[in-house]
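See the structures that follow.
Two complexes follow with chain A in common, the first pairing it with chain B and the second with chain C.
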Partner chain A sequence: MWLLIIFCLLVGVIIGFHVPLLIPVFFAKYLSVAILASLDSLFGGIRAYLDGEFDNTVLLTGFISNSLLAAGLAYIGDQLGVALYVAAVFAFGVRIFQNLAIIRRSLIYRLGHRSSGAMLDH
Partner chain B sequence: MKSWLKKAPGAMAVVCIVIGVMLAMQYRTNLHSPSYVSYREWSRQLAQGKDLQQQNDELAKETMVLRADLAGAAYGKQNQSLKSRLQQADILAGFTPVAGPGLVIMLDDNPDPMQQNDQSEDHLIHDSSLLLVINQLRNSGAEVISINSERIIASTEIRCAGPTILVNLNRIPPPYEIQAIGDPDKLEQAMRREGGDLENLRFSGIKVSVQRAKNLEIPAYQEILKYKYAKNK
Partner chain C sequence: MKKAYLSMALVSLLLGIMFSIQYRSSITAGNILSRDQWAEMTIEMERLHNQHDALLNELTSLRNKIAVNGAEAQNAALHELLDKADIASGLTPVSGSGIVVILNDKVRESPEDLGYTIQYWNLMMIINELKSGGAEAISLNGERLVATSGIGESGGRLTVNGQMVQAPYRISVIGPPETLTGALRLKGGEVEALQAIGAEITIQPANDLHLPAYRESKHFIYAKPLKK
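Showing the complex of A and B:
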């Protein structure tokens, strides 16, 4: 799982660096918000995986809808003159940290469970 | 390994690849965007900015000095020849009122009542008559000319407009008072010449009088000159 994630991320980065087209600066802003949304999906997926609730469809649909919503929100906000992208940054930022905390605990629990057989409360 | 693959989420792979691509592209875009400035570039531009600021200050000082020079030149302290050239150009263009000795020519329509065979045209002063007189005045060294206080400049037209004549697009009715600044002797000689334009006019019945003047005052050209097609080269 971890190998898969790292490997695929690397593949993506390499592809991204070698693709000849460059995103226009106009879209770069929205892409950054979309990246945040997709990172949230990634962490959510890892968490679900560790919890044993992982579902391909849920991840994929969540990924697409979150990215589009985040980018669209940023765009609409720009058109209206309201910094709506802050909402996306805030929501996804908070969720990323929450998911990370859950992942961390889950991993600690697992390692602790394996090594000592003890249960961790939190 | 096989169970890992089975459990391994295909969606995760897709998501990871897409995230990787987006991250890389965003990074590259940021590298090229103007908001991304490396420290080296930043310090270089900072130094450049200071240089430009200094240059700006120096140029501002220079501007002040040059302005002072210009003011001095306008008051005639530094460049007499430029000043006299400007004055000459002003007179030539008709931008300033002028005064000086010269000649006054009065022309009026024929005062006699028309006879049976007379043509009304012979009793009136025509634009061509005025043009002839003015041409003759110029030929004899008139420097500044006016008709009924309309300054004659390079672009002045003199043309017929019914019972009146258009000068500088202003209708002027008779009698016509032509003032010419120049050498009064020379001008008078030319105007009183036998067989000259004025004599011809007199013969045709126009009332003509010529008078020397010690100090004529001719006003400046009143309109605004606008050049649309002719540009300085």
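Showing the complex of A and C:
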């Protein structure tokens, strides 16, 4: 799982550096929201994996719907002259940190469990 | 098992791609303006475009004017030029607002007191200060100062335009009164120095000064105008 994520990230970075495609400044806002959405999905997926309730469909649909809603908010905000995309950034940010906290606890719990188990073996 | 995490792989792949593309974009767009600056620049550009158009219109209308009544316009321009030249040369009397500066020698009050007699260079310094203070026309004791005027001394008397003048010296200046007064009252200026010695100097603003014309009609023998 971890190796898969890191490997795919690296592959993505390599592809991104070799694709002759640049994002105009105008779309930087949309891309930032999309990056946040995928980060959110990634952390959500890891959390679900650690909780043992990982589901491909949930993750993919969540990713797509979140991205669409965030991009839509950014677009509407642009039309209205209000920075609505901040709402998406805020929501994703909060969720990323929450998920990170849960992942951290889960990992600590596991490691602690394992090491105490090892001590029991002795 | 691997297949189960296909979505994770996809999302992280996408994340990597977006990361690197955004990184490259922001690196190459380092000196590109932000959105707000861009909007400002657009407004500024439009304003300048409008200004440019307005100026072009003015230019064409002025060109048309010249073309339509060329002789008339030329006449008016010549008159304007002549008026300017008249004022500058001092060949016509002029009137206007300005200041009057009156300078007087320091009288001897006691046998030990040497007193002070105003010298021609004192007047030249003051007139120079007035010129840099925006003076448009100057006369000294009724002698109009022009480009060829000289202030000198002969036989212990001061001369202006070759005419003898004597104290009190009355300098009438047409120009901006505040600026002229300020130019004279500058720290370290000639007025301060003369007042320190004891010469009497008064500076008054005047609303309606009349300056005489330059008396001699000068014949220019050596100087010829260059063709423009």
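One rule holds in what follows: the second predicted complex is superposed on the first by the 116 of 122 C-alpha atoms of A that agree within 3 Å, B and C clash if a C-alpha of one lies under 4 Å from a C-alpha of the other, contacts with A are read in each partner's own complex, and residues count from 1 in each chain.
Everything that follows uses one rule, which is that a residue touches a chain if its C-beta (ideal position, glycine included) is under 8 Å from a C-beta of that chain, and two chains touch if they have at least 3 such contacts.
Keep in mind that what you see is a predicted model, and the values were worked out from it rather than measured.
Undergrad: Fit or clash for chain B plus chain C once both are placed on chain A?
TA: Superposition result for chain B and chain C: clash.
Undergrad: Which partner chains sit in contact with A:76 here, chain B, chain C, both or neither? Use first/second/both/neither.
TA: neither
Undergrad: With both complexes superposed on chain A, which partner does A:26 reach: first (chain B), second (chain C), both or neither?
TA: Second partner only.
Undergrad: Once the structures are superposed on A, label A:17 by its partner contacts, choosing first (chain B), second (chain C), both or neither.
TA: Both partners, chain B and chain C.
Undergrad: Touching A:108 in the superposition: chain B (first), chain C (second), both, neither?
TA: Once the two structures are laid over each other on A, A:108 reaches no partner at all.
Undergrad: Quick one: classify A:68 as touching chain B (first), chain C (second), both or neither.
TA: neither
Undergrad: With the two complexes superposed on chain A, say which partner A:94 touches: chain B (first), chain C (second), both, or neither.
TA: Touch status of A:94: no partner.
Undergrad: Chain B: which of 21-29, 39-47 or 183-191 bumps into chain C?
TA: Only one listed stretch clashes with chain C, namely 21-29.
Undergrad: If you lay the two complexes on top of each other, which residues of chain A touch chain B in one and chain C in the other?
TA: Dual-contact residues (chain A): 1, 4-5, 8-17, 19, 22-25, 28, 31-32, 34-35, 38-39, 41-42, 45-46, 49, 54, 56-57, 59-60, 63.
Undergrad: In the complex formed with chain A, which residues of chain B make contact?
TA: Those residues of chain B that touch chain A are 4, 7-30, 32-34.
Undergrad: Which stretch or stretches of chain A touch chain B in the complex?
TA: 1, 4-5, 8-17, 19, 22-25, 28, 31-32, 34-35, 38-39, 41-42, 45-46, 49, 54, 56-57, 59-60, 63
Undergrad: If we count contacts the way the header does, which residues on chain A are in touch with chain C in the complex?
TA: 1, 4-5, 8-17, 19, 21-26, 28-29, 31-32, 34-35, 38-39, 41-42, 45-46, 49, 54, 56-57, 59-60, 63
Undergrad: In the complex, go through chain C and note every residue touching chain A.
TA: Its residues touching chain A are 2, 4-26, 28-29, 32-35, 38.
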